[in-house]
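Have a look at this one before I ask anything.
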Amino acid sequence: MITCLYFAWVRERIGCDEESLSPPSEVGNLHQFLDWLSRKSAAHAHALSDPTILRFAINQDYATMDSPIKKGDEVAIFPPVTGG
Amino acid sequence: MITCLYFAWVRERIGCDEESLSPPSEVGNLHQFLDWLSRKSAAHAHALSDPTILRFAINQDYATMDSPIKKGDEVAIFPPVTGG
Amino acid sequence: MAHIRVQKDPFDVAQELAALQKKGADMGALVSFTGLVREFDDDRRITKLTLEHYPAMTKRQLHAIAAEAEARFSLVHCRVIHRFGPLHPGDPIVLVITAARHRKAAFEGAEFLMDWLKTKAPFWKKEESSNGSQWVAAQESDDLAAQKWTAPTVKPNGQ
Amino acid sequence: MAHIRVQKDPFDVAQELAALQKKGADMGALVSFTGLVREFDDDRRITKLTLEHYPAMTKRQLHAIAAEAEARFSLVHCRVIHRFGPLHPGDPIVLVITAARHRKAAFEGAEFLMDWLKTKAPFWKKEESSNGSQWVAAQESDDLAAQKWTAPTVKPNGQ
């Protein structure tokens, strides 16, 4: 199982802030995970349609498309940050 | 008449913080003024012996060797500053 | 060691400066940066700013970056406080304080931490203004500012 | 308009920050720099630092440089307080506060003012330490820091 967190407008578009997900075993990296996740619903497809305007973290570290994903990971999807 | 102010170790070497001076009329710039002033006493000669380690102001603005000096000016002689 | 807090409540700059100075080590320079909610963003009059964040990631990464700042700039101490929740024009959002023996290190440490907070700390601002409600867009200028710190700090051949 | 003071008494950073914020204009970034008397200079343990200054020149030049800083970095406000007289380790010597819409301007304005104070403001420090009494020597590094601000700010051909 993977815990997936959404923030800011990604959270608003998907309609929830956290999901527990069980992707099939062939999903091994972030790119494959996003492919799979965007087919979950129209809202997911809309929120994830342009990955270049999104940022990702796996277990609270910034991640890239080829970062490996495994059971138990915490994946976060969000827009570029605007703190400070 | 020219008011001449001394600060920090220049003041200590000369032995006073302010003098009223009347240089001869051929003293027209800072270089000539220092030449004349350094002949005033052994203490003046000692304090002014190396002008490269001194800084100068005329009427509260930084001055250079060719800056003109005239009656009524306030001349200040001091080491490089160490404030802040 | 760095002192880090992420909180909803306001902070008191004077109290934080005093706490840092009590660390008592041999510091000659103290720099503080306070970020405040502005009243105008371009032409929009801001009525409210709501900050959302990702607590687990903020906490983990802020400690790491503060430790890096302390090592890289030989800081005697640093202190970072970032607020979340609803804020209004004039309210303080973020406070960074650095202490060092010399002013250059204190200034650079504070700028480094602020550039990091602007580009990497997982906070998002939603703005309510005369134009309605919208998520604040990231600034390219912030990314450029942050890039200067990724240049190598050790030059080849010990130069 | 800048607020400038040269005084014997201590200053209160919190009070000065509050006074500046009361100016109420649209500020997003507030930087403060506090310079403190260090306990050690190289290996010497400092027991006392006495600051002498040239009041008429300080006053005249500080107003000019603060006005230049406000214009050059589009500061909303700035505030400079410099002490003179006898001071001891841990005592604050100088305070610079800058307020701007954005953080880069506030940081640069404060660094510019500090570099100027270090190299041009007519103050001299006499140090009493384990090695006796001596006038503090000017630092070449301070002159180098100040030189960067003399580069032209307007580039040719509007680039």
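To keep things simple, chains are lettered A, B, C and D as they appear, and every chain counts its residues starting from 1.
Note that in this section a residue touches a chain if its C-beta (ideal position, glycine included) is under 8 Å from a C-beta of that chain, and two chains touch if they have at least 3 such contacts.
Heads up on the chains, UniProt names are A, B = Molybdopterin synthase sulfur carrier subunit.
Just so we're clear, the structure is a prediction, and the values are computed from it rather than from any experiment.
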- Note on the structure: Neighbours of chain B that also touch chain A are none
- Express in whole angstrom the distance between the two chain centres, defined as the mean CA positions of chain B and chain C. 48
- Taking each chain's mean CA coordinate, chain C and chain D are separated, in whole Å, by 22
- Distance between the centres, which are taken as Cα means, of chain D and chain B, whole angstrom: 26
- Task: List, in ascending order, every residue of chain C touching at least 2 other chains.
- Result: 35, 103, 114
- Message: Which positions in chain A are in touch with at least two other chains?
- Response: 84
- All chain pairs satisfying the touch rule are A-C, B-D, C-D
- Which residues of chain B touch chain D in the complex? 5, 7-9, 11, 57, 60-62, 74, 76, 78-84
- Give every residue of chain C touching chain D within the complex, in rising order. 12-14, 17, 21, 26-40, 90, 101, 103-104, 106-107, 110-111, 114, 145
- Query: In their complex, what parts of chain C are in touch with chain A?
  - Reply: 35, 51-54, 56-57, 60-61, 82, 93-94, 114, 117-126, 135-138, 142
